[in-house]
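So, here's a batch of structures to check.
In the two complexes that follow, chain A is the common piece, with chain B as its partner first and chain C second.
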Partner chain A sequence: MKNKFQWNNLFLAIIVVVLVVFPFVSDSRTWTILLTQIFIFSILAMSYDILLGYTGIVSFGHAMFFGMGAYTTAVMLKRMEPSIGIFILSVVCGMLLAALISFFIGLLTLRLKSHFFAMLTLAVSGLFLVLAEKWRTVTHGNDGFTFKAPEFFKDRMMFYFVTLICLVLVYLLLQRFVNSPFGRVLVAVRENEQRTRSLGFNTLHYKVMASVVAGVIASLAGSLYAVSLRFVNTSVLTMDITLDALLMTIIGGVGTLIGPIVGAGVIELTQHYLSGLAKDYPIFERWIIFFGIVYILAVIFFPRGIVGTVREKLWKRKKKTRPVEKREVS
Partner chain B sequence: MKTLLKVEDIHTHIGQYHILQGVFFEAREGEVSVLLGRNGAGKTTTLKTIMGLTPASKGIVQFNGQDITKKPTYTIANGGIGYVPEDQGIFGDLTVEENMKVAMRKEDDVAFARQDYVLELFPDLKTFWKKDGGHLSGGQKQMLAMARAFVNDSKLLLIDEPSKGLAPIVIEKVMEAITEVKKSTTIVLVEQNFMMASRIGDRYTLIDDGETVHAGEMADLIHNEEVKRKYLGIG
Partner chain C sequence: MELLINLTVNGLATGMLIFLLASGLTLIFGLMSVLNFAHGGLFAWGAYSGVWFYTLSGSFLIGILGAIITGIILGFITEKLIITPVYGNHVQQILITLGFMLVLTELLKVVWGPNQMAAKVPSYLAGSWEFGDVLIIKYRLFIIIVGFVVFGVFQYMLQKTKIGLIVRAGVMDKDMVQALGINIKRVFLYVFMAGSALAALSGVLMAPYSGVIYAEMGFEFAILAFIVVVIGGMGSFPGSLFAAILVGLAGSYMAYYVPALSLAVNMMLMAIVLIFRPQGLFTGKG
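Up next, the complex of A and B:
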């Protein structure tokens, strides 16, 4: 794992340098906005990877934590002053709310077998969606509402750097988390929960904590998403958001952390490119069909996700070139 | 000699099936107690019931004088019972080192000293130290499974069919390791290979159709051709 850790960091460092330089060499507003969206969805997808990739939990309700962050930030910035201080406070409040809710939901539902848990998360997420629709005095129902972002974020480039910093910090934090003894137990739970229990671990405790960490990070992504649009409505709580996170994780590679970032990039760029083709080729007005074909091809050619499959191929090549492996305990 | 584990009339249901229908046995401190019986007799379920993985619907499991029948698995494990399951339960995406660290729980001097002792029993593991558990052979997985159980200095070890599907040379290594661990730990062993069981076992319990049908000293069973033929199909 240590070796993977170093390669991941090197890869990320190169990408980060390119992304830091990018706004200074390109004045494309479209690309700045698109990359900002990719950063935000990468954070969401990484949070989902903690559940699916590292703990083996399938949740269909992850959007509720994303929505919690988005609504908390939007409501606080609208009702209080749109300052950077209130923004930070709203992010912290959203995270605390997500931590509390994910803790109780996890405690009540994670005892169940995986498919029952998945269905329950869908039901609870539906409850939050209905709550947002009906609590019109605060959420303005399905129509949603606009709000002013802090002055600091009016410059798109500033917001670009804020989301990039958040992405890097979340990545490093989660990498530390999954490589810690706690993270090792999460992988053990995913691999064989019964065996992990018989080694003396209260697996429910570990699953609940993973769910809290995933919920808190998803809430951060939601807060950033709301500010990027200066608008929020109930779409942030829908199943589409969860499915996006799920697909980004699966296409990028589950249990890799870097995979969801790659997945978010591939999906957002493909969406952008295919929908853009409609201007010149009318057939691409139905771009969603082509998008589906891209998904299918990705799953066929990268069964373990892009990063997972590349790693596997590298490992096999390494094994072929070095058949006898003799390493001593350090 | 003190009784460390006492199993009294346990009944276990899995779904609609009544698997264990009255299993009794004792494991005395410092001894190797072997559970014998044909395939499907209920030996593995007995170990799982002791560990709380398939809880008993009736009966009592006492460990070190305490009733552990209804306790959760992790509490039983933390109380000092190590378990090596039949399928080894290796974490395939973790390296051998990480598998050991998960099992050790603490990473202090005492734990590392214990790890060194275990690696003396299974020196081959050092060669595969950085290899993913999923890429090990059957014999290597069995060694790792046993090393993981031994690393915690448990008071009692439950070992399920350690020789299953292994080459004779690997079985010999496993035998040597169990013989060494036996000096300091009480063991309950499930084993189909009677030759192996009779070499390391002190006492035996015969299980047939989910209930205890015979028990006694291993030395007596070796010469009891009738019981061996009737319940084990050998002799």
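Up next, the complex of A and C:
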């Protein structure tokens, strides 16, 4: 078991090294931007997976935390000076705000059954969207506003590395989180909430904390997203963002941290490729249909997603080969 | 005074449309414990196909019929393809119906194009009556009447017919109904198709009411329907009527007096109900 984990880590380390070297080898602007986008959405999808994959809660309001981070950063960079210090401050502020709000929403809603929770999060995030559209003095509504990014991020490559570092840090942190005793309890809640409660765990407390962690990380992704575009409008709060996170998590693999990253990569790349095709074949403008169908099929046939299915296959193979080896030895 | 009456009629009409949407949702939930997030998609399909039939034939009645048939067919497909494979798993149901909603919405854009479509009120329902100072728009009255008629028909079917008896019994205890030798799966299918037909009817009635239809309308209305289902109590048919009228009226008054709060008021209503009475105002007893 331990051996396998080390292989895993080695594999990941190689990928990270490749990603670090990549911008020095290739100077393709498109790819740098695309990869940056993938990193940001990987962070978002991982945070969503803490809820969906590890705790087994379906939230349809994840965009609200993403939007919170995006708006906090955008507004602070615009109103104050566009410096790196203010950026960090705004990220922290966004995270605090997300923590506070996810805490209160979680406390109110997580007692409810999955259906009600899903609906209520949908409604609350709808409320935030309306709020952002009406509060035009700050958010400029649907038109949005542009702002200056800190000088440090002007270079696309610099920003690429910042998002990559964030991704790796978030991955390591969440890895630590889900493997901690706390994370184990979350998995227990997913598997059987009543039983976990009967074992003496206050499941509400654990669920609320999971939603706070997910909200805080999503807010970070939102902050990075705003800086990457240097523009923000109400689209960061729409259902589309939640759906993106959902698709990435489901297609990549729920209940793993690599899964959402793979999912983010697959979806962003296919989206990029398909929207390129749309110039020739107009049907590809509706690329979301393909994702929808793939997503539905994934929910029915591969509920574990790409990573989960691959892991299962590998695990089965190992299980099959092992007894054979033993027999040979004996 | 006339303002108050106008707002009330307005609210009632909106409420009725939401009721048509929510009643299907509530029955499906009560019976099958499936929360159908694709319901809004069926609503939008009803609106588009209804308007399409209407412009093609020139008769609003054919438009309505076309929408209902579309709803029934789509309901059949949805139940067979989407709901049955994940029966009993709540998380998967939520995920899959949401995915199907996405597909339905995008398919609408493929079939009828991504732009908004205009929908006109048929000539015999256009215009309004004047009673002194009070102006009543005919089409709104028409929606209210249709809503009450549908409520009456369904309530009659639920209370007085055999299939209604089975449905009500199923809402209470589906295992028992099945133990009595009734194919509850088939009843599920019928209820799902009826619910989809109601959603499509709601959509086609909505089209001339708002004047334009667009693919995302399904989602916006579905949220209102969810709120209604929560307030009225899952599985309660009269509850959804009451809650829909409440939401419709609250929305219409608020839109006039405190426009900034018009959407918030519904969310707040739902939040209050969920916190103090999570089972809804009318407990789901069919």
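Of note:
Methods note: the second predicted complex is superposed on the first by the 288 of 330 C-alpha atoms of A that agree within 3 Å, B and C clash if a C-alpha of one lies under 4 Å from a C-alpha of the other, contacts with A are read in each partner's own complex, and residues count from 1 in each chain.
Keep in mind that, in the parts below, a residue touches a chain if its C-beta (ideal position, glycine included) is under 8 Å from a C-beta of that chain, and two chains touch if they have at least 3 such contacts.
Keep in mind it's a predicted model, so treat the numbers as computed, not measured.
Of the two partner chains placed by superposition, A:K313 touches none, neither chain B nor chain C.
Looking at the shared chain after the overlay, A:F201 reaches chain B, while chain C stays out of its contact range. When the shared chain is aligned, chain C comes close enough to touch A:G292, but chain B does not. When the two structures are aligned on the shared chain, A:R176 is found in touch with neither chain B nor chain C. Residue by residue along chain A, chain B and chain C are tallied for touches, and C comes out ahead.
In the superposition on chain A, contact of A:R136 is made with neither chain B nor chain C. Once the two complexes are laid over each other on the shared chain, residue contacts for A:K148 go to neither chain B nor chain C. Counting contacts as defined above, no chain A residue meets chain B in one complex and chain C in the other.
The residues of chain A lying in touch with chain B in their complex are 1, 181, 184-185, 187-188, 190-192, 194-203, 255, 325-329. Of all the residues in chain C, the ones that touch chain A in their complex are 29, 35, 37, 82, 85-86, 90-92, 94-96, 98-100, 102-103, 106-107, 109-110, 219, 223, 226-227, 230, 260, 263-264, 266-267, 270-271, 274-275, 278.
Listed in rising order, the residues of chain A touching chain C in the complex are 56, 58, 60, 108-109, 112-116, 118-120, 122-124, 126-127, 130, 134, 239, 243, 246, 250, 283, 286, 288-289, 291-293, 295-296, 299-300, 303. By the touch criterion stated above, chain B contacts chain A in their complex at residues 51, 53, 72-74, 76-78, 83, 85, 89, 91-95, 97-98, 101-103, 105, 107, 119, 126-131, 148, 152.
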